[in-house]
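Here come two complexes built around chain A, the first alongside chain B, the second alongside chain C.
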Partner chain A sequence: MKEELFVSGRAIPNIDPYLNIWHWQIPLYLFLGGLAAGIMFFAALFTIMGKENEMSTAVKKAPIIAPIALVLGLLALLLDLKHKLYFWQLYTTIRYQSPMSWGAWVLMAITPLSMIWVASYMKELIPGWKWKNSLLDSFEAFIIKYRLWMAWIIIVLSVILGIYTGILLSAFNARPLWNTSILGPLFLVSGMSTGAATILLMSKSHEERRTMSWIDLLLIVVELFFITHLIMGMKAGSQVQIDAAALFLGGEFTAVFWVFVIVLGLVFPAVLEVLERIGYHIPVIIPVILILLGGLMFRFIMVEAGQITRYLY
Partner chain B sequence: MRYAMAIDTLKCVGCSDCVVACQLENNVPIGFCRDWVTETVDGSYPNVEIELRSERCNHCDNSPCVRCCPTGASHIEDGGIVLVTQDKCIGCGACIQSCPYDARYSHPEGYVDKCTFCIHRVRKGEKPACVAVCPTKCMYFGDLDDPNSEITNILKNRKFKALAPEAGTNPHIFYLI
Partner chain C sequence: MEKNRRDGSFYINPYLGGVLLGLVLFATYYITGRGLGASGAVKNTVVTTVDVIAPAHAEKSHYYSKFLNENSSPMNNWLVFEVLGVMAGAFLSGTLYGRLKLKNEHSPKIKPRTRLIAAVAGGLMFGIGSQLARGCTSGAALSGLAVLSASGMITMLGIFGSAYLFGWLFKKLWI
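Presenting the complex of A and B:
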């Protein structure tokens, strides 16, 4: 028998008995960041491919969600900080070894860019829209002229935004559940899937819906593959990682993970989308809501479970 | 100059004087601690072995907390002492997530705090409070780069271990076993 305990009366709030310093604000931001990354990725991708008109919701309408998601996400992050008045220190330096620093700067770049993207399409979204100022008119003309450049910048930034949230978690080698390099790509694919689902919901064009549903199906399959890879990697890792995987394979997170993330969040919506393609009519809101909630639940579970896993004690 | 600490687990009695001294020396708020004592019990009666360890921040060489800090608040000073610049800390908690030893805590004033090897005492040539106060004199503090220091000699002559070496952090607290 081996027993290890604190004898000096240590009971630090939120650290003992299990680490719990990141609460709902972080998984909410991870979800909103991934969603915005996914939406902006498709907006930029279809612009680069020259398909602004066939995929008009993806390029023109859905990006409205991106700045809203980003601002709400940034607000959640600010709420999470414990030394809030010093938040500006993030922008006095860039630290290449800290994914949180990359994230701060990427967000600083992509939030205004997404707002400018939406602004450049205002005249198409709201007929009769007029800018109050002639400077804004010339700015709009400038943006419309260089939209392809913006699309290239946005496609790179949105991939970084989507992937860095996973890289951020995987850089914490003290949390065995997170310390795997598959987490970056997994979060990216999950974010893209939530973005594609949002576009699918907002679209009124049959052709666009078929394309987005095909893309979403592909992303779901890749995501399932990455999750399998995550668990297999944990099981083939060191003891702390095997213990981390056990949380999902019989431990306290088994039920929520398999039911809400895998079945309801990925497999069932994929089945619904396949049925839709075969010919059954499924109201699109059902798979979309399931995918969005599944993505949110996945992040809540990963943040909470990850903090429980540890090297010592 | 690389400061390190060696703690003789064969002499530690678990009195927690080191914990109290640290609390007083560094104004650690009630409910939080920069160092603590753990007891590991192996076996069952009558074949029981107990190891008592006074633990704290290990001031690692390859510190994950310094690496992941987005503002550079968490940094390494001369002598390998890992410190937090309170005015640069935004309280994001990344360093707390990255420490395999759970050595850091969120100070009620907002910044992240932890053992500083009593750098204010060390710079004056004194030992950290916990080392100075230990009644069994089981704690050694000194410069690993100094071939004549007490700590270099004791690590040469005694068997020792570090905590969670597999975490790859290269800690500077050694437990003499």
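Presenting the complex of A and C:
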């Protein structure tokens, strides 16, 4: 963009009438961050509950996805930056009022922790796995000894990470659709639901699948409840908020939001999971893929729609 | 007929299925103000694909350009969403009757591959035919007849009349 050539503050591509500067990288990152937060939350939760063996996929296997998702998500964030080589400047300051600062620091902590978590289970996951360095071996023994402590740290960090994916948006007070405090819990629950679905897909134990599908169903219900409240809160707000809600209630995002997020992403997989529970045979991959796609679509829609809502006209 | 309803051997009574389909059509007219369709969703998918891969060709073509519009993608269409619903509904119905299996149903007289080739060829011809006739069994015949349109009647006669004729010739692909 050649800012020096602007002759008017109006009709500028991507700035006016709509500021549209966040593209696919941000929603993709929000999805992957939420997914990783969900997976690490359950890994830590079941470790704290002492159920490493009953819930072995959640604790040992599924966390492999977390560092991969985090690295890909961080890559997407890097791609979004205009001056990519300046990313490290986020780490020259700690600003507790800034969600981006919170996010940057939490990611700085949880990404290596998730890698260490996976590494500490490598010997159990791959028989015959050997660290080729005695230092690594003693470090592994140290981690295994203090794994419970690590789980406590991870459970806190994963909740912060999950909430932060929503707060990142809701801190924008100039965007009425985002500027609601329910977005944090909503994104947390949605991220946990995608994490639970991933564990459900990877698990081979009947008992574990049952537990995870219960949890996932509960999370879907809570998510629907939060979405209802998001819309109700908007409807009860000022005109800009009412306009923001109207995007989903007859406006341009109505069809994609209701079809891909609510029906195909939440209600339909919930129905399939209920049918599975009462004895019908359903390949687990179908509800899981629907939940993951629904979560991804939800973030894309929220980021896209949020950018076109505003206070000033 | 005491059959296990979940072993896949039992499915909904076709007459009851027809009545239910009629009710769906009725509800569709009531809720959306237009009828059902199927080939339109495929057409929009094809148009969008061509537009993404070869936009210049899509714009030049008399056929594709008719469905392209600068402001909105052809995928943002009621029929596309409807077909997603059809897939979800089919999946649910298959689940409820225990018919959720990946299989190739064909006559014992032919090879599975023959069945697949015949089905794809038939589908392609039906797709072309539906574009010439401006609608398929659902869009033109079913929704058209529901509002007693003459074109719906002609389409229905055309589709089922030719099916009687060609069905006799290609019978062994089925039974």
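The rule is short, and it goes like this: the second predicted complex is superposed on the first by the 300 of 313 C-alpha atoms of A that agree within 3 Å, B and C clash if a C-alpha of one lies under 4 Å from a C-alpha of the other, contacts with A are read in each partner's own complex, and residues count from 1 in each chain.
The rule is short, and it goes like this: a residue touches a chain if its C-beta (ideal position, glycine included) is under 8 Å from a C-beta of that chain, and two chains touch if they have at least 3 such contacts.
Quick caveat: nothing in here was measured; it's all calculated off a predicted structure.
Chemist: Of the partners chain B and chain C, which touch A:L135 in the superposed model: first, second, both, neither?
Modeler: neither
Chemist: Check the residue A:P13 against both partner chains and state whether it touches chain B (first), chain C (second), both, or neither.
Modeler: The answer is first: A:P13 touches chain B but not chain C.
Chemist: In the overlay, answer first, second, both or neither for which of chain B and chain C A:N173 touches.
Modeler: In the superposition, A:N173 touches chain B alone.
Chemist: Who does A:F87 touch here: chain B (first), chain C (second), both, or neither?
Modeler: first
Chemist: Please name the chain, chain B or chain C, that touches the greater number of residues in chain A.
Modeler: The partner making contact with more of chain A's residues is B.
Chemist: Go through the superposed model and pick first if A:I282 touches only chain B, second if only chain C, both, or neither.
Modeler: second
Chemist: Between chain B and chain C, whom does A:A104 touch in the aligned arrangement: first, second, both, or neither?
Modeler: first
Chemist: Output check: A:V259 vs chain B and chain C. Expected answer is one of first, second, both, neither. What do you get?
Modeler: Only chain C; A:V259 stays clear of chain B.
Chemist: Counting contacts the way the document defines them, which residues of chain A are shared by the two interfaces, the one with chain B and the one with chain C?
Modeler: none
Chemist: Flag every residue of chain A that touches chain B in the complex, lowest number first.
Modeler: Against chain B, chain A makes touches at 1-16, 19, 21-22, 80-87, 89-90, 92-93, 95, 97-101, 103-104, 168, 171-175, 238, 307, 310-313.
Chemist: Which stretch or stretches of chain C touch chain A in the complex?
Modeler: 6, 76, 81, 84-85, 88, 91-92, 95-96, 98, 100
Chemist: Taking the touch rule as given, give the residues of chain B at its contact with chain A in the complex, in rising order.
Modeler: Going through chain B, the ones touching chain A are 14, 16, 19, 31-33, 36-44, 52, 64, 67-73, 87-94, 96-102, 105-106, 109-112, 163-164, 166-168.
Chemist: Help me check something: in the complex, which residues belonging to chain A touch chain C?
Modeler: 255, 259, 263-264, 268, 271-272, 275, 280-283, 286
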